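Labels run A, B and C following the written order; every chain starts at residue 1.
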Amino acid sequence: MFAYYFKLGLRNLRRNPALTALMVLILAVGVAASVSTLAILHVMSGDPIPGKSERLFVPFVDNGQPDGYVSGAAPDDMQMTYPDALNLLRKHPAERATAMFATGMAVEPPRTDIPAFQAYGLAPTRAFFAMFDVPFLHGQPWTADDEARGANVVILNRTVAEKLFGDANPVGQRLIMQRQPFTVVGVLGDWNPMPRYYKLIGSGPATGEEFMIPMATAVRMELTPYGSVNCSQVRDPGYASLLASECTWIQFWFETRAAGERADLHAFLENYVGEQRKLGRLKRPVAPALYNVMEWMEVRKVVGNDTRLSAWLAFGFLILCLVNTVGLLLAKFSARASEVGIRRALGASRREIFQQFLIETGVIGLAGGVLGLLLAFGALALIGMQSRSMAAMARMDWEMLGLTFVISICAALVAGLLPTWRACQVTPAMQLKSQ
Amino acid sequence: MEIRPILSALLRNKTGPLLVAMQVALSLAILANALHIVNERREVAARPSGLQDEAATFYFSVRNLNQDTPEQMLATIRRELDVLRAVPGVASVAQVSQMPMSQSGGTTSIAADRRQQRESGYASTYFTGDSLVKTLGLKLLEGRDFHPQEIPEVNEQTNAEVPTLVIVTRPLADKLWPGAPAVGKTLYFGTGSSAPGAQVIGVVEDLISAHAERGETGIFSMIMPARQYGNGGAMYAIRSEPGQRERVMQEAEQALRKSSATPMILRIKTVEDDRKDRYRADSALSWMLVTVSALLLLITCSGIVGMATLWVNQRRKQIGVRRALGARKLDILRYFIVENVMITSAGVLGGVLLGVGLNALLVARLEMSRLPLAYLVGGAVVFWAIGILSAYGPAWRAAGISPALATRST
Amino acid sequence: MLRMTNLSKVYRTHMIETHALRGFEIDVKQGEFVTVTGPSGSGKTSFLNIAGLLEEFSSGEYILDGVNVKGLDDAARSRLRNEKLGFIFQGFNLIPDLNLFDNVDVPLRYRGFNARERKERIEDALAKVGLASRMKHYPAELSGGQQQRVAIARALAGSPKLLLADEPTGNLDTQMARGVMELLEEINAAGTTILMVTHDPELAVRTHRNVHIIDGQVSDLVRHSPSLLDAAAAPAGATA
């Protein structure tokens, strides 16, 4: 019977084409709006590193001024000071830890046809690559020895490597950066997680960091930190005093062996804060905190208010389209009262009429889903024009594709419940008498 | 006016009217809030930067690859400034630490009195080695600009001096010293007994902050005198003669590159582009809200027309009977319009309540701002108008139904 | 009261012309109770529609209560209909979403009476048909005969000069039909002219006179009971 009703539903799409077209269009528009905002939300709030997101933690230690501090107020900055980063790197109970800051360097390409340019990169410690499962196209992370010495080694991203060295493997090649010779030790594979969960504070280039050098090297070369540097106290000028100061500009991550080790890590952090307080630092009465990946994205409001607003708006819009569809379906089905009367007179039960009309509604939902999908692609393309980082997020994956049809058909079915129920109530006798 | 019978008939047949009223309510609630947000964002993006001629203003970020001593870097800066000033069509050049709406720059906390518990606010810090007021073409309302001898040379590597003179924007002055003239007053960079202070020597009308934040921080800016050097590069703001920006940009770049023996990394940006970049996301959101609003209106309209048409069709016989009983065409028209107005009114009432509720939710969860009543009132008027216009067509057709329908057998 | 002279009604569709009435003549005097009979397709309905100002006619003359109907615009015809005529339909045609009070109210609203006057008239009319106690009920709660009575009340509420009835007993069983006929006779006795279309010959016999229409023309004229009209009126209407 399903196939029969399905065919009827398809055929009835053609009946009264104007009304049907309007219904399908309105449903499609509502579905497209919802799906496109959902897709963006999905990308923004999806787990960027499933399997590890419960084991990676950002520690937060509030080193703000105690005067004028109101309990519960938002912290001035959630980055870390350089001394704290070194302390934690030196002694921690977790499996791995990394500290990083963003910076820029002037690159003088080996090829004379490309002028010097300013490159944007990251200066992490070597554990970074293992912690975030960073793929390599060529080479590998620098050695522990390189890191200890602050050696001039650099890892390039794929785009820059190809720009400077073509398709050849550049590992071992020399590159002048910030007027000093650097040796290329690796090239990153395609890696541009959106959102950039590992470094949420401070924006970066939309296509990902162009180079990575050891943090020790960047510090040795006194490279200016890019992103935000937040100083709650006046400090002396000069790089050395930046390193020694209470300014926060380093981002830090722990990786534990298992999610259950979180409590231990937290205890360790509390212990550290206690020690530091004895030394006269960290005067604010704020307990330290640990955030795993999803929590960190939440705290940093990766899904910004504007995105949430769009999602709510789309949802409200879908409801409007639904209510409208109910009205249109009522109109459509009321014109079919005579058909219902005849079918009932010929032996159809109420339940069979219900099935028939509900399936017909489902067919409309299917048509709406197809059109809605096309419109959603269009909407995502439009949204992507906003900025390059938006363009990276405005994508549709297979899950979303399926969701489009699910939303469309469910919406149609929900809208169709009342009109279908009404259609079943038609008594055979009354309708046969009338025209 | 047969209001009571119309109402009583409507209440007997609630489904259709309720669906229409719901659509009107939902649309009104969303529309009012959406348009409010659009307007807000538009206002934020329309804020004056304070610049005299934005279209003619641009800036260079210059980075020399030499390993110079700080003194050599200072000499380079002076040389580069001379080169730039010599380019024909350049009206004014100034070395500057940040540019308005560039989304990159420094902010510091400020207070009118260092004994305050909390700072009065945050201000964007513009350091300049020349006359930023002249180069950006800012409007000086009170006081004066810095004299050249008041501008110290500051080696950023070693010099920790905090400037002692400052020019503020009017909004910042009003916040710190409401109703009083600001010139001569001292403001403090932060609170606490050791917070350094600076004396206000001038007030400009507007200078938008480097990050152009929403809210008051976006219009609190300070200009401080310092020729900063020692970090291997400098930023120069340049205003060309009106209409000559493109040519001057090219010639200035060439002149600068030629003046240096070693290659330099030069980044060029115009204030116009910075403005576009800063407000792109807001603009996109606004467009999306406007599009959705338009669609909302269209869909609601079609819903009303659809329902009205359906009811007219369902009640053809009844309409014929009314005509037979003496109703004129006008009476039938009026009946349907009144019926529609009643339904739309119910929807409008629901929409106003829903709109207020929705706004409360937005304020609580999404940090949006309170909805002024005017939007709901305006929206109500719009939907009333739409309701009447949409129903007019079907009502007109209803009026055209012949009274002879009454005698026709079913 | 109602006089039609040489009246014709032609329906034109794409290629077909139908003469529903041709050279039709009729003269109904004040206080008469006239039935109009004829086979289906004879033009009875057209005649009633035209008499009731529900439709326009193609040629001829129609004078209703001294007013020449020709040339009146729609608004004027509606006004005339509202003030002078009362309608009773075969299918009752009550408005299902309104209660009895509001149903009877409908024509009065178009008349412009104030609320108090309307209330009086509605209560009187419903009392006359014996349904005053059920004023707040809805048509669906009434039997066929009761619904028709309400329709009659609706027709009477405006104190019309002429009552037009289209098969008023067609949808009723014999007992209810008898009740309605009795009511109509009462109303006629009280002074209202009644013009009734029916195909029930038994009913046709009960009235003052009967006009028989075949093919759009009056074909027979039978007087049933002597009345004061007999003496005054001259026979009207032409033969086939």
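Just so it is clear, a contact is a pair of C-beta atoms (placed from the backbone, for glycine too) under 8 Å apart; a residue touches a chain by one contact, two chains touch by 3 or more.
Every value quoted in this text rests on a predicted model; they were computed, and no experiment measured them.
In terms of inter-chain touching, the protein chains here are arranged end to end in an open line.
Nearest to the global CA centroid, when each chain is reduced to the mean of its CA atoms, is chain B.
Between the CA-based centres of chain A and chain C the separation comes to 76 Å, rounded to the whole angstrom. With each centre defined as the average position of its C-alpha atoms, the distance from chain A to chain B rounds to 26 Å. If each chain is reduced to the centroid of its CA atoms, chain B and chain C end up 70 Å from each other. In chain A, no residue reaches two or more other chains under the touch definition. Residue positions of chain B touching 2 or more other chains: 410. Within the complex formed with chain A, the chain B residues making contact are 15-16, 19-20, 22-23, 26-27, 29-30, 34, 37, 63, 65-67, 116-119, 155-160, 162, 189-192, 194, 196, 231, 263-265, 267, 280-281, 284-285, 288-289, 292, 295-296, 299-300, 302-303, 306-307, 309-310, 314, 358, 362, 365-368, 410. Residues of chain B touching chain C in their complex: 2, 4-5, 8-9, 12-13, 317-318, 321-331, 402-404, 406-410.
Considering their complex, residues 45, 48-49, 52-55, 74-75, 78-79, 81-83, 85, 87, 89-91, 93, 95, 97-99, 102, 105-107, 109-111, 154, 158, 166 of chain C touch chain B. Residues of chain A that touch chain B in their complex: 22, 26, 29, 33, 65, 67-68, 70, 106, 108, 115-118, 179, 224, 234, 236-239, 305-306, 308-310, 312-314, 316-317, 319-321, 323-324, 326-328, 330-331, 334, 383, 385-387, 390, 418, 433-435.
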